[in-house]
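To keep things simple, chains are lettered A, B, C and D as they appear, and every chain counts its residues starting from 1.
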């Protein structure tokens, strides 16, 4: 535990008076107060990347938007997490994600247990406005226990982070850039041939969609167990 | 293939590995020398093959997926061997509005290759560059290392014909 | 009060949405009192009529016939509903878009056929190069995702539409459900 | 090198050079080299040897003279005569004419507005000194500012001068340089780093390349002064691998500067230590963004990170880091030498000093120029640039590259400074200035830039990765004549989304070329969408053979 006393800031989120320690983010404090801000790339316990842009919030006095997952609380800050503008941006961002992959929910093992799918429902998305891009992507079932289906990958890099930061294997990373970016294991080889993968399955359990799944599941049978991460993180902190 | 992490022993007896080794040593085999090392490999061998990437990963102790991720992020790196001759066409703004699309069409019609491709006989690679910084000479290209400017589609193809004799 | 003129069409889809519609069971009777079904695969009309109040569209736009049909339907319909994932997103039929129509035709009619393999050209409408959701071709007024949307969802939708408003069915429907 | 040693070296060099009666300068920057200026230089040297005049004629390879399109360029220092499109065969005539009348056949326009309207600070040595010889730089006053700063000024004083100069970052955004320096100087933590951003990525911009090829020591001197000011002892120049000549000259310059102790330990006889290493970029436009550049210097994928924390507090390896671009650093030595007030006397109220532009496209003189801030676009394009060739009419001037916009003819009399360009929906950017005439289709231009942003997007954040791809598809659809008005609406909504929600500057500014062309050339979009025609005749719109109603 750190010895220096943490300074506490008071601020407003959606007109509610709340307080947070200076090293906490807007998202941390909002969640402590049961104020829901949608996220996709963020997972407590992994380094924040601020890449999905769903958690953008308004701060009064600034025309800019701020990602709640990486913006630290400040004294007197007035945060707005719900507005027409934010709702419209969040919807469009999700619609872009849907348009950029081949997310055929009806034939997905994660149907009903998918963060992308349920976010779409929660944000009131009933159709995708942008033309689907139908990228040609592959499915790799070479691993003994798991499958990676690139059609359903949203490139949130949770797998990359949990593998590198928690498991320590760094089997996953991202290759290429822009719309040709993909997750890869080792040297972009079949997952089953990976020499670094420990088959721990952390990536599978943290994957928000049906991109990383267990073998042998049929449609809607795959549900993920994410509880291991807070457990590992708190155990490690306790040991320190 | 198995990668030995922490090993600085070259993957083959090819003496060119010494140049790569020296580059890594200069940086104290620090992982952050990855991009510098990949530059050296490409300069020495012409492209980055899997063997080289694994060797660099092992010697610098950088995860394999990270090495591959870096090598494919930067478009300057080639993961495939290039043709005997290389034609780099500038697609910068000045060259674009002065007629580069027509030059690319002419090359495609003559050799059947688009930027990023190599003729099937491995003779010519066509590469597009974001901007050569030779805007005064637009449209410009680099043909086997020489900058040539004020090109027309016909002249470009004629220059490339000299390579196919 | 005159009855609401309702039509349903079946484009590139599996008919599951129509099955789900029938799954409303006894509630169908209650709906039937208020509507006149003027066109549907479930009834015997051959021509899509003029001045339809509500058309429920099942299926994606997969061939040139679908495309012409939906354009005509749009002109003759007040409220056009994309019913189910195929109409809303392209869904399973659109999975061929990543490999192209030609590859699919060859696989189905040539590679897997032993007796006189040939790609049909007559009396079968030509496939579009790309399967797309209805909204890419015409304007859609209401979207009901689901594969298929449940009978409850369709019931809630129809009850709402028949009372003259577009109901909020977001809690009852989602992609793939 | 101590101040005394510096004076001695300069005196010796001056005496050596004064022995020559004639100094003939041949441009050996990349532009002229590509038209074989090296052969011209060799021919001149042979000719002088043949005539036995080696002791009185010096042939000097120099950096960029600006008129790149007319290369190879040769100038005679004594008479100011400029020769253009010189061929090796012209060598004998040029040498013979040194005493008499210039060779009229190849004489260039040395009195033209092209030269007289420019004010050269950054480019003052370009085309005059030999970029491969530190002595030549010293003779033109080089490293005297560094010596003065290290021996007579405190870090706070030099930062104060930079503040006073009003210099703003020349890389694009125009952040006040003095403020940036003082932030890094005050940031707790050590070591600190100084990085020179030479990853000149805007297509149509080659200012940094020219400076590095023509006058590399000027950049090193600026970096060393910055390092002293902020308290750094290590610096990096992050330069594009696509600029091999610039890299070679830069590395050579670093070696020379180390040898004479303008870099390394005990610089200028003081206790100040500072080293510079070169790091090569590898073809990723996004690495011009500060946090992505840092990731790249650290050997990783060039993905930007959310800011704050800013590099000034937590940059390279988490340490306070100052990042300026080549042109910014090239302004430092003159500011340190002549004072911030002198620099601030040039330019406009809010945009001080000069700006280097790479003028290209449909303009008579496609060149590198340096003008005071506040000069109008009309003066730049018509007086300096010589106007539009072939009797065509100017349509727009594009500034700021893929992050900038197209400025239409009616604003040609606006002064070029940060604020005015922003008001017009463009940006100053790094200095690319592309002139377009009626043969350019503005929708096609917007599509060109969107293709650029799409393929240069790092892919990390969703709006930029997918949004640019969707915008590109829509623009493509418009240029094919297949789009409807609802597509235009979608395009505008995407512009708004991508601009406001992207993680870094690349995405935030990617819609600018679309927004500015929509603002000034909306009619051209409508022609494509409603009438299915391309007024400029660039887009190949296929008229459907049978019209189905």
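Just so it is clear, a contact is a pair of C-beta atoms (placed from the backbone, for glycine too) under 8 Å apart; a residue touches a chain by one contact, two chains touch by 3 or more.
The shown structure was predicted, so the numbers you read here are calculated from the model rather than taken from an experiment.
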| item | value |
| --- | --- |
| Chain whose average C-alpha position is farthest from subunit D's own | C |
| Chain centre separation (subunit A, subunit C; CA means) in Å | 34 |
| Subunit A and subunit D: spacing of chain centres that average the CA atoms, whole Å | 39 |
| CA centroid of subunit B to CA centroid of subunit C, Å | 51 |
| Multi-chain contact sites of subunit D, meaning residues that touch two or more partners | 284, 301, 456, 458 |
| Junction residues of subunit C - those touching two or more other chains | none |
| Interface hub residues of subunit A, defined as touching at least two other chains | 129, 131, 174, 176-177 |
| Inter-chain touch pairs (all) | A-B, A-C, A-D, B-D |
| Interfacial residue positions of subunit A with respect to subunit B in the complex | 164, 169-177, 184-188, 195-196 |
| In the complex with subunit A, residue positions of subunit B that touch it | 1-3, 50, 53-54, 63-69, 72-73 |
| Subunit C partner contacts - residues on subunit A that touch it in the complex | 98, 102-108, 111-112, 117-118, 120-121, 124, 126-129, 131-132, 134-137, 151 |
| Touching residues (chain side subunit A, partner subunit D) in the complex | 49-53, 56, 64-65, 67, 70, 89, 92-93, 96-97, 99-100, 129-131, 133, 154-155, 174, 176-181 |
| Contact footprint of subunit D on subunit B as seen in their complex | 31-36, 38-39, 62, 66, 69-70, 73-77, 91-94, 96-98, 129-138, 140, 146-149 |
